[in-house]
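What follows is a group of structures, each given as structure tokens.
Both of the next two complexes hold chain A, though its partner changes from chain B to chain C.
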Partner chain A sequence: MFLLAYFISFLMGFLILHLLTRNSKKIPFLLIVPLAVGIGLGFSAAVTFLSFLLFNKFNPPAITCFMLGLLMLLFLLNLFFHQKQNNTPIPPVSWDNPPLIDLAACALWTVLSFVIYFIASKHPFGQWDAWALWNMKTKFLVLSGDSWRSIFDKLHWHTQPDYPLLLPFINVWIHAFSGAPLQQISLTTAVLFAMSCNILLYAGLRQFIKKEIALLASSLLLLHPYYVFCATAQYADILLAFYLLASLIIAMIMLTTKNAGSAVLLGMLLGLLTFIKNEGLVMMMVLISLLVAYLLWNKEKDQKSSFQQLQGIFIGLILTIWTTIFFKLFLAPPNRDILIDYAARELRFFNGQGVWLIFSALGREILHERWCHIWIFILFIFFAGFQKFFYKERKILSLFFIVYGGVVIIIYLTTANFDLAWRLKSTLGRIFFYLLPSLLFCCFYTFWRLPEHTKPESPNPRSKKKP
Partner chain B sequence: MKRFLTKCLQLETILLTATIFLVCYNAFFLFVYVMTQAGKKIAVVEPGSQYADFQEILHGVKEAGFLTNKDTSPEKNEGEFLQAQYFLAPTILDLNNADHQFVILDYTSPVYLNYVLKKINAVPIKDNEYQKILAQKRK
Partner chain C sequence: MSLVSNIKLTFPPRQPRSFSKFFFVLCLLAITLFNAVDLIKTVKDVYMFKKVLPYQNIGYKFAGLEEFVKGEEIVGYYTDNDLNQQEHSKQFSHAQFILAPTILDLNNLEHEYIIFFCSKESVAWQEMEKIGAAPWRRNQFGVILARKDIFANPGSHF
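Up next, the complex of A and B:
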């Protein structure tokens, strides 16, 4: 029964994607599936949050009605637009005569999904932050009645009350529809995002590089033992990894196809990214700044289409970022780690010692055996093809990681509430984890990108016009 | 032969070989990890289950105190307070604040427990084998 709730979210995401891409060329099925999961669950969480704001408590019938109502609305909109364009209502999905490599990928994922579920079941309550933060807040939302806002003002600061709540609201929606145990839902959500992230990496890379190399890249991720462990730890970091990867893939698709629907989709994904953790907010700001700079100052770009793309991004952003804006303005307390009054606080680590601690911790993490040398591999690709990483639209990806890395270092240097060494030990591994899928995408996209006139996808016979 | 060697020494070939090697390397260690997990026979206990005895009594109670003499700093705490908070949610636990009708005590020795109970004028109403005590303030 609870799998039906995931399916309803998937259907919602699918209809949203269908609506956004009605004027564009066919989207590969393997790209639609993970995107539909992400968009659908994101919107489900937003609808659940809305119901909490309206009814001031956990109200399963209201949440279910809102969801089904939204689903109906999206279905009718799709029907309307397709009738208007005299198109068939069959989704523009291309998967005729799937290549052998896609079938091999699907077989591999099917086998590995059982492996991942098995590993997840070995730590069924997740790791520390899973039960201390996310699952605890999910319990609060479900059980606390009309005092759910106590999460923000009465819980101890160890529970990070300023953190947004996308993951808890996803789990609350599934529980509202199915009544399934929260522990089972948390585990399934983690496994679903772990698999979706991998499929997204393959499908996203497949748009731009040879499918065999895309499969290698996704295998590198899904067969990584520490990735599987962290992805099934029931943290919000796997959501960060997924939505960041999705945003970067859609950004590249938008820049190469100049499609308005992709721009709106990118905006939606960035908005959802901000509702996961505070890091998502930083990622969104960095990526938006780089995209604006690239679109407005790139002489090769047509100004009119650049403005249309920016317009699309901001429209999509508004549709989803309202949750974060409301949350930050009216519910969440200020973040204790972002210091506003630098003069009043003693910054013990804003010096050479702090820099040394950070870079030595970075070195230890890169060389740590749990990563199976993947960071050495990524650094090797980066330095070997250095110039390629700053060529045309690829510089957006490279600059994103450089700027984001710089922001993280500054946040570490301004640590005032913790011991820096402990903070690095507890959090650096997780930062590496959620950046890994996007970095793999960046490396493989940059290095093995086919020339723009080469289409890796075979054309869909249904797209051919009749004579 | 020369063309073959030239192709082998190209950067893309080297990186592709490295990728294939890394995939096999990861697959091996994933297999080892799965096998070690499969061999584990210890049952996983829900975090905070050492406070399970207090759940029924605290059902419907909005706030309770949590007193402890253990280290509660972010760097060195053992997670007792957070585990209790998770398990007893939606009851809000107020760390090191005894101004509540119900108070959970988690101390390293019975000597401290007796002293604190006397100080806050509370009586123990439930205890368990994990040396956790739920106390209620005298009226």
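Up next, the complex of A and C:
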């Protein structure tokens, strides 16, 4: 029964994607699957949040009715728009070329999904922060009746009352529909996002580089023991990893195809990113600023299409970011680690010692054996193809990581409530984790990108030997 | 000027040479293989772990108290342990998880119900005496749920 709830969310995501891409070239099926999971579960969480605001308590029949109503509306909209354009409401799946690599990838994912589920089942309640924060809040939302807002003002600050609630609301929706045990739902959600993130990396890269290399990148991630550990720990970080990767892939598709539907989709993903954790808010602001700058100041771009893309991004953003705006303005307390009164507090680490601590921790993390040399490999690729990382639309990816890294360093330097060494030790690994899939995408996309006139599906002309 | 324009002309990056491509694919394959071996080891470790400890036990030290605080929005939580130490803050988080949606108010003894989780049971007894509370429930791990107005309604909750 609880799998049916996930399927309803997937269907909702699929219909949203189909509606958005009706005027353009189809998004490949393999890319649609993980995107539909992300968009569908994100919208399900937003609907569940809305039901809490309207009824002021956990109301399973209302949540189910809202979800089914929205699903019906999306189906009718698809039917209406596609009939108007003489399209079929369900897109045909194309298997023109024998997709041997795709089949190999599917076989690998099927086997590994069981392996990952088995590993995840070692900790059905998740790791510390998972049960202490996210799963506790899910339980609180389900059981607290009309005092659910106490999450924000009465729970101890250890529970991070200012953190947005996308992950708990996803799990609450599944519970509302199925009544399944919460620990089973949290575990399944974690495994689903771990797998979806990987499929997304493969399907995203496959648009731009050779399938074989994309499959290698995907295997590199999914076979990585520490990635699997963090992804199945039931933290919200796997959601950050997923939505950031999805945003970057769709941003690249939007910039290369100049498609307005992709722009709306990108806006939606960025809006959902902000409802996961405060880091998502920073990521959204950095990425939007870079996109605006690129689209407005790039002389090679057609101004009209640039404005259309920006318009699309902001329409999509409004559709999902209302959750975060309402949450931050009316519910959540201010963040005690970032929005502190700097004038009144002593910033103990805003000095050379703080910088030294941060960079030595960065070095240790890069060389840490749990990462199995993956960061050294990424650094090698970066230096080997340095010039390419700042070429055309690719510079958005590189600049995003540089600016975001800078923001993170500033946040560390302004640490006031903790010991910086302890904070670095307990959070740096997680930052590396949620950036890893996106950084892999950035490296592979930049380093192995085929020339723009070459479609990845068609045989690579450079590989043909001359007679 | 001509030098500048020449630089611009050569700016579009070259595709990676086949050697460097081959080298990186080889590295990629090697790392993927090492990862696969590590993952198999992890699976074996998890299998052994699950044989010894089939269930993850969160908050077992507070087991049994949840039914007695049901319906209470906030209860006090008293401890003489230093919560800056990870193990002790973990116990507080365990308690909050298992007793949710009841909120634990750390070291606030003003509430009607208070959970005492102390280093020694004698410390809990001393504190209860100070604030005029009496033990209402005690579980096998020495965690005490005390109530402040128990003498106002003697016997009503036993």
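Just so we're on the same page, the second predicted complex is superposed on the first by the 448 of 467 C-alpha atoms of A that agree within 3 Å, B and C clash if a C-alpha of one lies under 4 Å from a C-alpha of the other, contacts with A are read in each partner's own complex, and residues count from 1 in each chain.
Convention: contacts are C-beta pairs under 8 Å (C-beta built on N, C-alpha and C of every residue); 3 or more make two chains touch, one makes a residue touch a chain.
Predicted model only: the values in this text are computed from it and were never measured.
Look at chain A after the overlay: chain B and chain C clash there. Looking at the shared chain after the overlay, A:388 reaches chain C, while chain B stays out of its contact range. In the superposition on chain A, A:139 contacts both chain B and chain C.
In the superposition on chain A, contact of A:418 is made with chain B only, not with chain C. Contact with both chain B and chain C is seen for A:156 once the two complexes are overlaid on the shared chain.
In the superposition on chain A, A:122 contacts both chain B and chain C. By the touch criterion defined above, A:7 reaches neither chain B nor chain C. Of the two partner chains placed around the shared chain by superposition, neither chain B nor chain C is touched by A:307. Where the contact sets of chain A with chain B and with chain C meet, they give residues 115, 118-119, 122-125, 128, 131-132, 135-136, 139-140, 143-145, 147, 150, 154-156, 158-159, 213, 216-217, 219-220, 223-225, 228-229, 372-374, 377, 380-381, 384-385, 447-448. On the side of chain B, the complex with chain A involves touching residues 11-12, 15-16, 18-20, 22-23, 25-27, 29-30, 32-34, 37-38, 40, 44, 46-48, 62-63, 74-75, 79, 81-83, 85-86, 89-90, 92-95.
On the chain A side of its complex with chain B, the touching residues are 115, 118-119, 122-125, 128, 131-132, 135-136, 139-140, 143-145, 147, 150, 154-156, 158-159, 183, 213, 216-217, 219-220, 223-225, 228-229, 372-374, 377, 380-381, 384-385, 417-419, 422, 447-448. Across the complex, chain A meets chain C through its residues 115, 118-119, 121-125, 128, 131-132, 135-136, 139-140, 143-145, 147, 150, 154-156, 158-159, 213, 216-217, 219-220, 223-225, 228-229, 372-374, 377, 380-381, 384-385, 387-388, 391, 447-448, 451. On the side of chain C, the complex with chain A involves touching residues 11-13, 15-16, 20-21, 24-25, 27-29, 31-32, 34-36, 38-39, 41-43, 46-47, 49-50, 55-56, 58, 73-74, 89-90, 92-93, 96-97, 100-101, 103-106.
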